[in-house]
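There's a structure below that I have some questions on.
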Amino acid sequence: MKFNKVDLSFQSCVSNYEEADVVIYSVPMDATTSFRPGTRFAGNAIRVDSFGVEWYSPYRDRDLKNYKTVDTGDLDLPIGAVEDALNIVYDATKTILEDNKVPMMIGGEHLVTYPVLKAVKEKYDNLHVIHLDAHTDLREEFFGRELSHATFMRQAHKFLGDHKIFQFGIRSGDKHEFEWAKKHIHQQKFDFTGLDKVVEQLKDVPVYITIDLDVLDPAVFPGTGTPEAGGMQYKELLWAIDQFEKLNHIVGADIVELAPMLDPSGASTAVACKTLREMVLLLHKNIEKKNK
Amino acid sequence: MKFNKVDLSFQSCVSNYEEADVVIYSVPMDATTSFRPGTRFAGNAIRVDSFGVEWYSPYRDRDLKNYKTVDTGDLDLPIGAVEDALNIVYDATKTILEDNKVPMMIGGEHLVTYPVLKAVKEKYDNLHVIHLDAHTDLREEFFGRELSHATFMRQAHKFLGDHKIFQFGIRSGDKHEFEWAKKHIHQQKFDFTGLDKVVEQLKDVPVYITIDLDVLDPAVFPGTGTPEAGGMQYKELLWAIDQFEKLNHIVGADIVELAPMLDPSGASTAVACKTLREMVLLLHKNIEKKNK
Amino acid sequence: MKFNKVDLSFQSCVSNYEEADVVIYSVPMDATTSFRPGTRFAGNAIRVDSFGVEWYSPYRDRDLKNYKTVDTGDLDLPIGAVEDALNIVYDATKTILEDNKVPMMIGGEHLVTYPVLKAVKEKYDNLHVIHLDAHTDLREEFFGRELSHATFMRQAHKFLGDHKIFQFGIRSGDKHEFEWAKKHIHQQKFDFTGLDKVVEQLKDVPVYITIDLDVLDPAVFPGTGTPEAGGMQYKELLWAIDQFEKLNHIVGADIVELAPMLDPSGASTAVACKTLREMVLLLHKNIEKKNK
Amino acid sequence: MKFNKVDLSFQSCVSNYEEADVVIYSVPMDATTSFRPGTRFAGNAIRVDSFGVEWYSPYRDRDLKNYKTVDTGDLDLPIGAVEDALNIVYDATKTILEDNKVPMMIGGEHLVTYPVLKAVKEKYDNLHVIHLDAHTDLREEFFGRELSHATFMRQAHKFLGDHKIFQFGIRSGDKHEFEWAKKHIHQQKFDFTGLDKVVEQLKDVPVYITIDLDVLDPAVFPGTGTPEAGGMQYKELLWAIDQFEKLNHIVGADIVELAPMLDPSGASTAVACKTLREMVLLLHKNIEKKNK
Amino acid sequence: MKFNKVDLSFQSCVSNYEEADVVIYSVPMDATTSFRPGTRFAGNAIRVDSFGVEWYSPYRDRDLKNYKTVDTGDLDLPIGAVEDALNIVYDATKTILEDNKVPMMIGGEHLVTYPVLKAVKEKYDNLHVIHLDAHTDLREEFFGRELSHATFMRQAHKFLGDHKIFQFGIRSGDKHEFEWAKKHIHQQKFDFTGLDKVVEQLKDVPVYITIDLDVLDPAVFPGTGTPEAGGMQYKELLWAIDQFEKLNHIVGADIVELAPMLDPSGASTAVACKTLREMVLLLHKNIEKKNK
Amino acid sequence: MKFNKVDLSFQSCVSNYEEADVVIYSVPMDATTSFRPGTRFAGNAIRVDSFGVEWYSPYRDRDLKNYKTVDTGDLDLPIGAVEDALNIVYDATKTILEDNKVPMMIGGEHLVTYPVLKAVKEKYDNLHVIHLDAHTDLREEFFGRELSHATFMRQAHKFLGDHKIFQFGIRSGDKHEFEWAKKHIHQQKFDFTGLDKVVEQLKDVPVYITIDLDVLDPAVFPGTGTPEAGGMQYKELLWAIDQFEKLNHIVGADIVELAPMLDPSGASTAVACKTLREMVLLLHKNIEKKNK
């Protein structure tokens, strides 16, 4: 019998960093969460419960074990220091991109997508963002802060520019956000209608995909800080990922806002595990396309 | 810095009673609940968790903060004395109506709708009731009682009369209830089919809307005493409220049967919070119509 | 006042074994469960919570109290001895069939269906099986075992033969299972499409129905060991049972994989209670048909 | 293999009523509970979880299986009709006593002890009561009711008379209750000090023992409606039961106020199961003494 | 019937600010929590559940309803901005002290005691602090921050000075903290030994009392972010409060670190409610002493 | 920034196997659990939550980071094959001992201690075992099995011999077990009385320590399959470990029976984390002694 150190990498994603094409990293931060915190625990909850998820996806007809993926675990963040933490997320993403790997980030609160987008934008100037969410996240400021989970996409707009952000599933925000959205971004309220057409349009430009899992109905995903009724079924999310397969240039992705302790049944964590599997396979397929 | 007493009114519903058009009041009673009690805690759970819900509704395109609503809290009820408690609910509703305000009641078990209907009927003789529910609530008696959550609509029928009650979403009851319903009320089993037509028909008569939140599928709303599978999605409830916007004379409304402790994820309470926001906005819009 | 021993039979299923047509028995075994155990507690959880379910079904327009059903409780099984336990399940089923009663089994993990099928096959040589599930359960072996919840249907195929198994709702498995299925069984991935046609085809042959409740979406049924997102709504399961009414020769049925402690809201147990009511009524209707 | 109807009697207490010396019956009532309800589910929770408790007690050096005990299950009570329900409890107790058996009641809220005491007093005129509780339960009235969980012992005093009630562990009540107690009953605040002496004093008179399990510290027993910190350790309760062994004439007993759903760990239900075993063994030993 | 706005003040603490002697205010902040967040919800959880606690204390022989206490609710804090939030806590405390009222603060994480101590020190230069806690909170810095829940008492020492801090119950920290403590403060490891003598010594100097409820054993108080086994029983805490009664000059107090969602049984919140009642009564008794 | 694979070793136990003196390994098996399963998840729950525990122990005045410990994670076990799984545990322990390292095992159900003892006995012929537990575990057989959590110590006695097993804290078992114990082992019922003397007696012989965490009171440790009231306080367990410091030849240790999902507060897992830290430090101190 031979002993090694414990390896709690997500599922079969046991490659080393050097050999991997896709890099999973999790960001244990929920510092600006306004209602119920707990997303800081998402990464390790997904790791431990990934034991219950198959490596093969009948949706993508692909198997995780055939790809090189590393799981680097939680970033090491200072507590209660938002800007410092965001800088570390930025640096991590920057490094991954410089090493020509594709970032697959697990939140944490949605604000952690902000520094990822910043780093990605610096590499891909013509960056477009597909954003699935229940909430607009387009406030100019929130509880006196410019950078928070409720403002991050408005702030990201400042470097992304007009008509680069494509939101779907939005069903909560204040009136000004919805009005601002009409002029500056593509916003589909309540569902994913038109996602297939947007994908068609973005086929050949660099696209980053950020999935706030609360875009799902709280029936499907109660384990999140601010559950918002009237959301998407899981089959609709699977359909969206089917559409993403048609993109030719996905440059990174994330899933955020799982707060595992809020759903003691574990079903929300299982949803996140399955979504992560689908997204990792999506990224690998995309890399294959590019390599051809 | 200036200090005031703690104010845990629902969201932004911080008006005083005198200035308010709509009156929120909650009824902490679950005395005749046959299976799992706990609806007595619904009112305060909704108040505390309403922090997580936006004031603006993209469905109604209205903002709670632009309207005058008072939240008067839980009624003060005797414990274990059903009739006395119902009388207090009756008196409270009577007062609200006499003060020309619109009652928005939060249950409690569904029996508490009975004294509300009685008071409303005394003001609006031609009263019609739209009733969304999983359960018929049409028993002649239940465990030896005439007044219980399982009989209240049959008892209300005695003063409302034939063809004044319009039930939707019903999927549980005993055979006699379903048969009785065929003769005396409008009853749509399993879903909301025909609700738009009923609304058209009731456009100009006084209508009270009572929503037993267990009309929703337990997936969406597990936090209730008697979850009944095969119910409505939240988007379908939103569609129903869209229909209600076409009514010209809504005279009151309630949402009942949230048992918050039964859903530790908090998602059921969030569903109730959002529904309350939609219903309060609906009532205000209706008042605006009448005032024109 | 007269005292009897406590009777916690499922709902109104209080007949004695001798007089009963349908026999409910539960199998408290989760010994080969690979992820989260707990299905051993399903039977008694269903019994205790069946208090919250009506005896009458508006879907079948039948009432449990009009039929003779016995609930014999949990089988008495050795702990940690898989083969011995399966033999007891086999013997129990054998006895029920020999006594010309119809078995209605409650799992336990899905492996417990294996000895039931074996016993049923011995009575009905031309046995066909309709299998609703999220998982293929078609592995050749699993963690070194031939008999486990993940292999049982592949093992059952050895005595059932080709083209006798009809799977629906499958959305998890490994690639080899899906490929094997194409040659040997009927397998509908992701949903119930074609179930009505299969029922038409199996109208007059002996059919056993096994329902792994995790075929439902985890939104509807989170209380199970391995929740698998993207499943069926409860109304779709009700539609499936509607189809089953057209079968002329149902020889037994089971519902498995409820792990009640995993869903503290109790909604999953309520789903199982309702499904059990529907299935028992289905079996009685089928007996009536045959008796005509 | 031979089939019987399911038997979920407490542990090995599977005798018939006729042959039994001790009768377990549970009272599923929590109608006057002022804070968190749920004690109605105690009886069946104890039954189902008694599987996890040994039949033999190393404290009493006795084994439940050597005694004749029947478990008659939940009484069948009307919902929301307090007086009617109490009458049924009274009748049941009366019957048990007339049949010369010893009642072992499981609550339910503590009010259900009131009709039991009434029936016992009618048989044993010189009745004394040992009452372990966190709460005085000595209010003259409570929320407008004379009969409630908070008043029942004051009401029972009316037929028991002065100096017949011996309270221990009391740590919550209003000032008037504590003052009233000084004149009319024996009351030990905060702990069990003096219980051994009281037992000595009551050695040969008829004694009924009522144990509100919330006398235990919430650490030991969180699953109760109104947890009151600063209570007894379980070893102290075991010591109290050791003292009870010295009584020569115990005429009945109860344990009340388990609300199983409030403690998802199940530890509170396990505490109740163990206490019930100890109390049943205590009653049997007492019967043996009398029979000598 | 007369309607007022909902009043969810703690228990009977319904005075206005102007007339009150003691001011309850809660600080919904858990921004520097390193492990499990959620203390931000403590204030309102205590308010809502205080319904289950008596107004009279048999320990202090006093009744809350006989004193003037205001409950001003949660302070309104910016999210994710630690320094700004602490300034608001400081301002609030300053105002209360300038108005000659006694502050009774509810945390939040323990860091929120820091600005309270700063404000109190400015009024009472000879300030001494009694600190009950499981954790030293004496780090020089923590995860790169000077101000955090793990450093706050070390930072407070900078303005309080040597030998002004008296810690009891400490059982977790790093080695340097324990060594630093030996030179600069009074520190009793593991229990409350010597608390009576310290109280004797501090009898006539201004004393602030800060109670981290995690000083209690997790058995008694599991609802906290970092449960630390081996703590105090509740009766020991009651004994400590008995000692505090001998102090002549208590200038403020707090209870911190309840994370209500972490204990679904509600027992931890009940512990906090009872402790708050005892502390408010303690403060009022102390005011009476001074007024004599 | 430099990326490594995720490392979820217990706390600071990040050494490699080769350099380590103490080897942590966990056994995810609960196959013979008779009541509530779930101990299979203990190892990873402890790993993930060890973030909340200090590395330094004020009880041992030692710091984990100063020692070489490896955490090798869960053993890879076949599902549902008890004997095969036990053989793997045996092989693992054998390897660790052959490599002259000290095994620190985490269960799993208590049966997994059996193969560990077997391997240890083969290296240390004069092996003595100190066994802290609520349950005797001395049955000759259980539910038809010789090897189960309820029999393992009786089976181990067969190779350990008479008077080599020293049990403390025992409070549950059947009568025959208690009687057998009197002749063959040292058994202290209910508490740790005499543990100090036993330690004195075993000072210089090889001792293995097995701690079934259910020896603790369920108040302290509700997260276990069969909670047994009347157990030990955590301070008493700490005292026991203090005694163990006096042993000169500890050859291995384990902690078993944490079922983390049964205690949603996380307090039980925190208890296990702290106990593991204390035990690892104890083992290292013991190694230091031997190396002197």
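In this document, chain identifiers A, B, C, D, E and F correspond to the written order of the chains, with residue numbering beginning at 1 in each.
One rule holds in what follows: contacts are C-beta pairs under 8 Å (C-beta built on N, C-alpha and C of every residue); 3 or more make two chains touch, one makes a residue touch a chain.
According to UniProt, the chain labels map to these proteins: A, B, C, D, E, F = Putative agmatinase.
Just so we're clear, the structure is a prediction, and the values are computed from it rather than from any experiment.
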{"item": "Chain labels contacting chain C and also chain D", "value": "B, F"}
{"item": "Angle of the C-alpha superposing rotation, chain B to chain C, to the nearest 5 degrees", "value": "120"}
{"item": "Most widely separated chain from chain E, with each centre as the mean of CA atoms", "value": "C"}
{"item": "Identified repeat of the A-B interface (over half of residue pairs identical), from B-C, C-F or C-D", "value": "B-C"}
{"item": "Rounded Å distance between chain A and chain D, as computed from the means of their C-alpha atoms", "value": "55"}
{"item": "Centre-of-Cα separation between chain F and chain A, whole angstrom", "value": "41"}
{"item": "In chain C, residues with contacts to at least two other chains", "value": "34, 36, 217, 219-220, 262-265"}
{"item": "Full enumeration of touching chain pairs", "value": "A-B, A-C, A-E, A-F, B-C, B-D, B-E, C-D, C-F, D-E, D-F, E-F"}
{"item": "Touching residues (chain side chain B, partner chain D) in the complex", "value": "30-34, 36-38, 40-41, 77-82, 84, 142-145, 147-148, 261-262"}
{"item": "Residues of chain F defined as touching chain E within the complex", "value": "51-52, 54-56, 58-59, 61, 63, 217, 219-220, 233-235, 238, 263-267, 270-271, 274-275"}
{"item": "Chain D to chain E touching residues, read off their complex", "value": "34-36, 170-175, 178, 189-190, 217-220, 222-223, 225-231, 262-265, 268"}
{"item": "In the complex with chain D, residue positions of chain C that touch it", "value": "1, 3-9, 14, 16-17, 23, 25, 44-45, 47-48, 70-74, 88, 91-92, 94-96, 264"}
